[in-house]
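I have a structure here, written as structure tokens, and I will follow up with some questions on it.
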């Protein structure tokens, strides 16, 4: 298959933009302070890099598995579970939980919890040999709603001080990522990518749908299970590291398809990662320099991507 | 079966009047005097009325929305209605800080109606292959509206109190503070009168038009009824999920979708569920209470999961 | 009697129906036939007033339909389309009862009940009266929907591909019922149908469309000829005329289809 020159240039252009943004983020108004400001920003940049991969990959692969362009792993309930954990910690231990667990402890606990959640879902979902992703969605929907009310209750009940701590966890931001967590995350993500890259051709076939994939010789059940597990790890890492990023996944996935002009994952996945990283950097820049911290990256990203999602729905009849 | 349901309803009403933090001396009630009478009239009776009306209103809302969107899993919480109402109240509070509940309700109503129209338009443009897709989209739509509200609230620093108004809680219902909820009565009456029309609506635009129903006007009317109910309940008690989802589905399993026949059952069922959740909430950590949003969310969620599993078999 | 004059429907710059003029004679069964994309369903939907035409007129008994209120039109024209996403839990009887909606808006009178019973009996659906729609077969469900349109007691019945996904027994039952509606009750029936043999065997009148325009129209004997059908479908036809009716054979051709 010959690659037309224009899409290739577009993809390189995306990476150029991302690198430019990264440099801007590092050095803009930093006064060449290599002692404090720039190392801190480097840490945040690393968080954005890892976070970008952890947002783009699950969204694109999940959309391949479900054959639908408007879904995202966020509706499977992961983010609800994460918020539940944070709410419970604050409710029962107050801000002491921060001291007791430490940021690293919190991170480790959330990753473990979400992996456990995935395991529970997979066991239950695949128990009867059923492989209905939509069923999974329904469960995720219910859980999101139920946990949502509980979280609302906790958010209301805690003191304003505790609320801002909780808010810090429930909105995506890069401030809380620490080098130790970053290292652990990087290792996990690298492992997932290594496994994933070997199975890229299978993914391409999976996008044809269950019946076609089976007739082309792919072990559909096994492949779906594997990829859902990989997604679980990445979502766990991204939520623990950054916080919930609901709509960003859809935005990234759809923009990646549009820019990459191809459905081959070898092309869409890197492009998606680039876009996600770019969005994070841009959002952080805007929050710092335009809004002066009167909003958070999470709120901003959700707002813009969410509005874009609505426009997408109306234009493409929901099944692009 | 219906008689049994009605009986259950009466029992629950009685139980609701009996449970509470205040010890009520019943002899005083029957002589219409003293503190006991005050407790009953100022707090317990209004609470009972609010509970019944909210339960009825929410389940009827759910069933109307389900017929308009033609999907079994929509209700104001999964169609963006609640989040739109939240946004409306937020805008009212920041634009007109001195306004009373009436004005806030109007804002909530307007936003909810507009948001529902947009949602219905979106769903009609989608060629939906799977019924789960619609509530998922509705949830995401609600999430977008929520994000807008959060953005706004964060800037004005009222994010935490915003979470407060939205949480369903009947303890703030006292005499003088809840009368807006009576708006639900005419809504329910209207729905009953129009029950056949809403059933025809659920058959799709093609059949509805062939049978001589003005499709768009009826959809708009249905959405307006839903918006008024949602606004009234959110202002008075906050958001209560699942009632509009679980009850209509349970009723449809046994009685079918013919609204002319099933509407009373749906209404009674909604009221009973809410009463049961409320009594549970008041007894669990007596004398304190768990807000209804939580109990309804929990009980409703479990019921809904069971429903899905049972249907999935 | 329905007639359309110079009816056109365009979507953007794509013309689906162009300048169609045709007559659908009263008290007769007319079939709309033609290849895919010919505009048959679009034409029917415009007559049913489910689609607005881009230009042209539709006349019902000589009067333009544009002024008629929806509720009144429902008492004169009933439409039946495919409803694959129909998921209401109703019994057969409840569904047929909705056919009376244009008259009683939900409050059924004894007269309504009589009509409902007649409609159910007409299609021999008595045994299925209390069964839920999702419990019966596709063919039986289609009969239930037909009973609903019969209960609507309109002069005209419009059906869009009513035989899709039906086995031959149910397809024959439906066509026989439509034939009886014309003969016994004097109704006008217009249906879009793909199977040329059903059209040939049960219709009085045929309107053939191709590429958005009328290819030919007239009584069955005029339209169902080898020459006309060859021009319409691009296939060789062998038409057998027997006392039982017309039979079109377009299988096992020698040579390629044109």
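The letters A, B and C name the chains in turn, as written, and every chain counts its residues from 1.
By definition in this document, a residue touches a chain if its C-beta (ideal position, glycine included) is under 8 Å from a C-beta of that chain, and two chains touch if they have at least 3 such contacts.
The structure presented is a predicted model; accordingly, all values stated were derived computationally and were not measured.
Asker: Chains shared as neighbours by chain B and chain C?
Answerer: Chains touching both chain B and chain C: none.
Asker: Please indicate which chain is farthest from chain C, where distance is taken between mean Cα coordinates of the chains.
Answerer: Comparing chain centres, A lies farthest from chain C.
Asker: Could you tell me which chain's Cα centre is nearest to the average position of every protein Cα atom shown?
Answerer: B
Asker: Ranking chain pairs by how many C-beta pairs touch, which one is first?
Answerer: Highest contact count belongs to chains A-B.
Asker: Centroid of chain B to centroid of chain C, CA atoms only: how many Å?
Answerer: 43
Asker: In whole angstrom, what separates the CA-based centres of chain A and chain C?
Answerer: 52
Asker: Quick one: report the Å distance separating chain A from chain B, using the average Cα coordinate of each chain.
Answerer: Computed from C-alpha means, the inter-chain centre distance equals 33 Å.
Asker: Got the chain C residues that touch at least 2 other chains?
Answerer: Touching at least two other chains: none.
Asker: Among the residues of chain B, which are close enough to touch at least two other chains?
Answerer: Residues 128 of chain B touch two or more partner chains.
Asker: Mind listing the chain B positions that touch chain A in their complex?
Answerer: 73, 77-78, 121-122, 125-130, 132-133, 135-137, 139-141, 143-144, 147-148, 150-151, 154-155, 159-160, 163-164, 166-168, 239, 241-242, 291, 293-294, 296-298, 300-301, 304-305, 308, 312
Asker: Okay, in this complex, where on chain A does chain B touch?
Answerer: Going through chain A, the ones touching chain B are 68, 70-71, 75, 134-135, 137-139, 141-146, 148-150, 152-153, 155-156, 160, 163, 167, 246-247, 294-296, 299-300, 302-303, 306-307, 309-310, 313-314, 317-319.
Asker: Which of the residues in chain B end up touching chain C in this complex?
Answerer: 70, 72, 128, 131, 195-197, 199-200, 202-207, 209-214, 252-253, 256-258, 260
Asker: How about chain C: which of its residues touch chain B in the complex?
Answerer: Residues of chain C touching chain B: 48-50, 70-75, 77-81, 83, 85-91, 94, 98-99, 101-102, 105-106, 132, 149, 152.
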